[in-house]
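Presented sequentially are two complexes of chain A, the first with chain B as partner and the second with chain C.
Entry: the complex of A and B
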């Protein structure tokens, strides 16, 4: 490759990267994220400064990895910490201003003799028909067209738009119009949708192909920070309380829309003061530690014993043994966990069938714990076997011989010579294994999902780890509470750090001996 | 392919730790024996094999079991039938080959990108001298102590927002999931890679510099070729890791067409269908295991070298 071609390739790549950044910046600008546009601009300048000049050679190699690291590892950690101080979650996903516009738009009642719109339900092009935000394509009786969503109403350019004789839009560039069946599937989202119009009114759908414009019954008084609903007699006044609009007359009456709010350390206080949560948290924590310790010890013990078994130069066929013993480790973890779940099935499973037992493995608290430990022993011992074999082979022969000459028997040699050397060698790996198992989400989730659960408490399972508990808080159930889940994650961060950093220090000191 | 099979140097940490503790490292050729016979070792070895292999035999039996349910599956094959495979491939609600393709693409692209990013970073840390080199390496090590999955809530919210603006990179896309995985690309492998990069003689670089080669030329045409064995090792470690990843994939990929093998097969074992679909599930599991098991068996030496350096499953 000549210098010239290399130069051409370099500048083509830089140009492509800059074009990509520009495209992202445009999309961000359209969506109205000013700060993000600035960040994208700085990124573009950064790319040009690093790759377009002859300086900053190390950065040329580090920049791609660093960008990804900052964006998808460092930022999520910082973001988790900041989320843990909020109430972000179901019913608290939007800002306070948005709740006001939303509530007012929701309260729209049809004004007699106001115009009706022909309506088509669509999503932005590329968005999913089942989950994407809904957009209304509207035609007024005078044939002017609009596009409306929760953000407001905008005129729809006539270019490329096709409509039926009645005015219903059937095609519009940039939007995918949903079929009647798809709209039906989302009737709940549709009925919750109201398009705010500039003058305090709103447009709401009626049925699947019409919408009306009306006036809201709720008004907002910005100076007093109160909402007043005049559809009731007497009018109800709502005040902001705990990130929701609550009636001043009857505290049990409130609008469903809440806003995201900074709650300080309330999530953390809740973990440690709420009676049920604290009891549950302590229970989960104890099992989490027991699980990690027993997993590491059992896999290490079995792996070491098998390594010792095969640590005999006269033994033939060691390569075959090793290839076969590595298989549990080689299979993808999700497969083995799911297969073991099938084998632990109380009624049909292999284990109860073959051993003539009738243990409710996955349905009873102790059975589930035993099943998890057995499965993890099977999953993890090949790793320890490999590691121990490597360490045993690096123990010099003459050290053992010296022990034998000094009159030590096989057991004594093992205990006083081999074990200490082995532990020095594999110590850091045991700690890493502990840290890994402490957050072994996949195994627990696939095997028991954290269950079984006590009859009346569905939030804390008897085989839950902290990580599966945090996951359930955030992603399952009808009311995800991201803020609280983030707080639990932060607590796990701190626990893991407190437990592993001193251990790593210890082994660092060992390593620095040489 | 010759470079592919070059052995990875045995774990320096394992040996140096032992050497340091022993105080010497000469090996005498004379091999004194412990124990008189080896037959009992074979006996226990076969016992270990039975323990290690019975679930795998069970997968095979269940996959080829003609009736295809969990309650009729036995440890040893009770007959041979491909009906479970037929059902698996023809089930429109469970697009098995799409899952397979998604898994291969996500793991393959993710591993390739991770190796490239890691190799670039390792080259900088091993060959170039700059302020912040040592703190940078230590910071990477420290960051690895915090499992990225603990930040899953934030990752989810971040990608939901990205998807609002750039639908091609958001939730429910392979690209989004790969990006999320690549956050850890530099950190997790850079120490392993740098260790190997350090073993390539610096004199080669210096000679090339004297001949007028630029740093990029040295990197692409000299260094990358010489470190190929470790690149292969890291590629496989990352590939296997991503192939088996379940948690992020299950949060990110909600549409059945976009799912990976892990998420899809998991869906087959849920609820009341578990018994009925067990044969199909086992057939899918058997096929899904083939790529990684083949990789493991073909590249055992390299993987063992890489594993002992601290990658833990």
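Entry: the complex of A and C
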């Protein structure tokens, strides 16, 4: 390849990358994310600076990896951490201003005994259908006709007016009646339009051909920052408190719509001060560690033993056995977990049935833990078996022969020769497996959903991992609270990080064997 | 997907399993299929998503409706008619998890104009300001079953148009039990006799599960005066500050659960995975379940009957929760006018309600449609009568705090881990604490 072609290819690739960035930036600009557009612009400049010049050779290799690291590792961590300082969750998704407009809009009730009008939406003749002021042509049930706009209601002379059998006006001199599509395009203007009828009420459209007289019962006093609901006697006054509108008279009365706000470290304070949470957190943490450690060790030991067995040259038909052993790994784990759940059923399950037992596997704390570990052993050992088989086959035969010549028996060879060599290869995988099992959400959720729940309380389950616990708080708990769940996730992240660092140091020590 | 905790999820799960029996098998039409040139209407085929991702809103149509796969065809048919009548384009998109996907998409301004869903989503939708009030005129509203209209209201405001009502009832095997029992005692006696004769393996199949199921346990409480979950306010709303979970009536209901649990009539080992199978393999002559179980029983060739839930000794009839299916309009709808028009003017039509009945086989919410269906379909009549005394499932957000703790409490009572009074008191305390936190 000549220098010229290389140069052309290089600049074409750079141009493509920049075009990609430009496209993303345009999309972001349309969506209105100013900060993200700036970041995308800086990314484009960065690409040009690193790949367009001859300098920064190491960066040429590192940049893609670094970008992915930022996008998929750092950004989620930062996002979660910032979320953990808010009250973001159901009932706290919108801004305070939105709650005010929303509460007022939703308090509109039909004025009792008011008529329903047949309605057509029109503009004054000659005005534009897309921008002209809207008027409502209304027919009362007694066939009297009106024109309504923001100024109020006026009678419509019957001359030249055409109506359908239901009373909807289809033609009126001096007005252009809009088509369904034209009306729909003005939905925003239409929802803001209420023909005033006195005493604060207004005629508002319902769909394309009906209107009703409604009146909001809630008013907002911006200077005092209070909402007043006049539908009760006496009127109820609501003040902002804990990101919600709470009645000043009775704090148990509040509007359901709350707003999002920063709560500082309140979520973290709650984790460490709430008695149930703190006790539960310790309990869950201990089981979480036990679960991850036992899962890794049991799967590793079983996998390694089978691998050692199949590594023996005297065994016939290895290919068939090996394929069969990999089966549990090849089946989707979700299906396997559900099948095991059925097998652990106390009355109808295969396990109690076949063994003649009556163990309440999924309903007692110890039974549930045992069931989870057994299922995870079944799910996990084929992986360890594959990994160990590969590692064993890479151990040179002469090392083992030397051990035999030196008079080592089989156990001694395994302990002093094979294990250290095996662990060099498998060690980091064990740590990865530990980290995976530490957050093994799917298994727990499909088998026990974190249960059984003892002690007359359903916040902390006997087989909950930190991650299932956080999930329940965030998505399926009493009041989904993303802010609090994010705080729990941050704590889990710190714990896993603190536990993994020494483990990785340990694997470095193993490498010294070489 | 949230919320509604375990009991709720489990119930929805069963319903979803039943509903989605053919979900995903809908032939995938091309979303870029050109609309017929003559009339600017849609293509008559709902857009199917790939995988479980939320549908992508088409910005070029005049009305976007999200629904699940099963209802999509019926909705599409009338959406097309609506489109032709008004000279607009309508797109029906299949959403695999409407509740969650609607919330997420609406938050970023990509949500649909109309969704089809259950009435107990309402509290959460109002809380998050994603749903708009619906103003049905009084005479249209009066054409619906009163309970169905009640279910569309929250805090006195109405938020949707209902089209179907569903509830649980007693399914019995006619080959073993010619006449359905009127009382629980009768049911137990009949069932135990059958077990003794070797004609059945157990008396009753009811979804309990290890974590409990509030939806199926509630009727045992509601059979007693002041038994239930929340008290009802003067305006018809449930009052989140007045818990009935440990009222004297509820505790009596708990004692019935404990007694049935002790006799192994109810068992925490029956759950969503085996409930239907026990009835369909004729192991249990009775099952407490809903319309979603009918198709499977039919397929298994069981000669089933449907009856109201039995009454309990010392109380009255067990009253199930009613679930109401309805159309909502998004508060952030880009096409608010057409959305309002479609929901207020089309959904109350009898032929629309009948078409939606054909897909779900739940009793229609419009009286005229129900009368027509009930005359020819005895199952529908039986389901409706089984729910005649029922109250709509609470749609207040506080209900999210109830499913988990209350469900677990009933499971613990049935398994004998705890006595009814202690356990229901504890559940009430936990629920109240959760509501206060929310």
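Just so we're on the same page, the second predicted complex is superposed on the first by the 310 of 514 C-alpha atoms of A that agree within 3 Å, B and C clash if a C-alpha of one lies under 4 Å from a C-alpha of the other, contacts with A are read in each partner's own complex, and residues count from 1 in each chain.
Throughout what follows, contacts are C-beta pairs under 8 Å (C-beta built on N, C-alpha and C of every residue); 3 or more make two chains touch, one makes a residue touch a chain.
From a predicted model like this one, the values you see are computed outputs, not experimental measurements.
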item: Chain B versus chain C as contact partner of A:489, first or second or both or neither; value: first
item: Per-residue contact with chain A, leading partner among chain C and chain B; value: B
item: First (chain B), second (chain C), both or neither touched by A:108; value: second
item: First, second, both or neither for A:436, with chain B first and chain C second; value: first
item: First, second, both or neither for A:126, with chain B first and chain C second; value: first
item: First (chain B), second (chain C), both or neither touched by A:181; value: second
item: First, second, both or neither for A:348, with chain B first and chain C second; value: both
item: Touching partner for A:163 - first (chain B), second (chain C), both, neither; value: neither
item: Contacts of A:391 with chain B and chain C, given as first, second, both or neither; value: first
item: Chain B/chain C common contact set on chain A; value: 338, 341-342, 345, 347-348, 475
item: Sites on chain C touched by chain A in the complex; value: 1-6, 9, 62-63, 86-88, 107, 123-124, 126-129, 133, 135, 137-138, 155-157, 210-211, 241, 267-270, 273-274, 331, 333-338, 340-345, 396-397, 400-401, 404-405, 408-409, 412, 415, 417-418, 422-423, 426-427, 430-431, 434-435, 437-438
item: Footprint of chain C on chain A - complex, ascending; value: 90-91, 93-94, 98-99, 102, 105-110, 116, 179-181, 183-184, 186-188, 190-191, 204-210, 212, 214, 231, 252, 256-258, 338, 341-342, 345-348, 362-363, 448-449, 451-454, 456-459, 475-481
item: Residues of chain B that touch chain A when the two form their complex; value: 10-11, 13-22, 24-28, 30-35, 38, 41-42, 44-45, 48-49, 51-53, 55-56, 58-59, 62, 69-71, 73-75, 117-118, 120-121, 123-124, 128, 130, 133, 136, 143, 145-158, 164-168, 172, 179-180, 182-187, 190, 215-217, 219, 240, 243-247, 251, 254-255, 261-262, 265-266, 269, 274-275, 278, 281-282, 285, 288-289, 292-293, 295-297, 300, 304, 307-308, 310, 312-313
item: Partner chain B, residues of chain A touching it in the complex; value: 6, 10, 24, 27-28, 31, 33, 36, 57-58, 60-62, 64-66, 68-69, 71-77, 79-80, 83, 88, 124, 126-128, 131, 306, 309-310, 312-316, 321-336, 338-343, 345, 347-350, 353-354, 378-383, 386-387, 390-391, 394-401, 404, 410, 413, 420-421, 424-429, 432-433, 435-436, 439, 441-442, 445-446, 467, 470-471, 474-475, 482, 485-486, 489, 492-493, 496-497, 500-501, 504, 510-511, 513-514
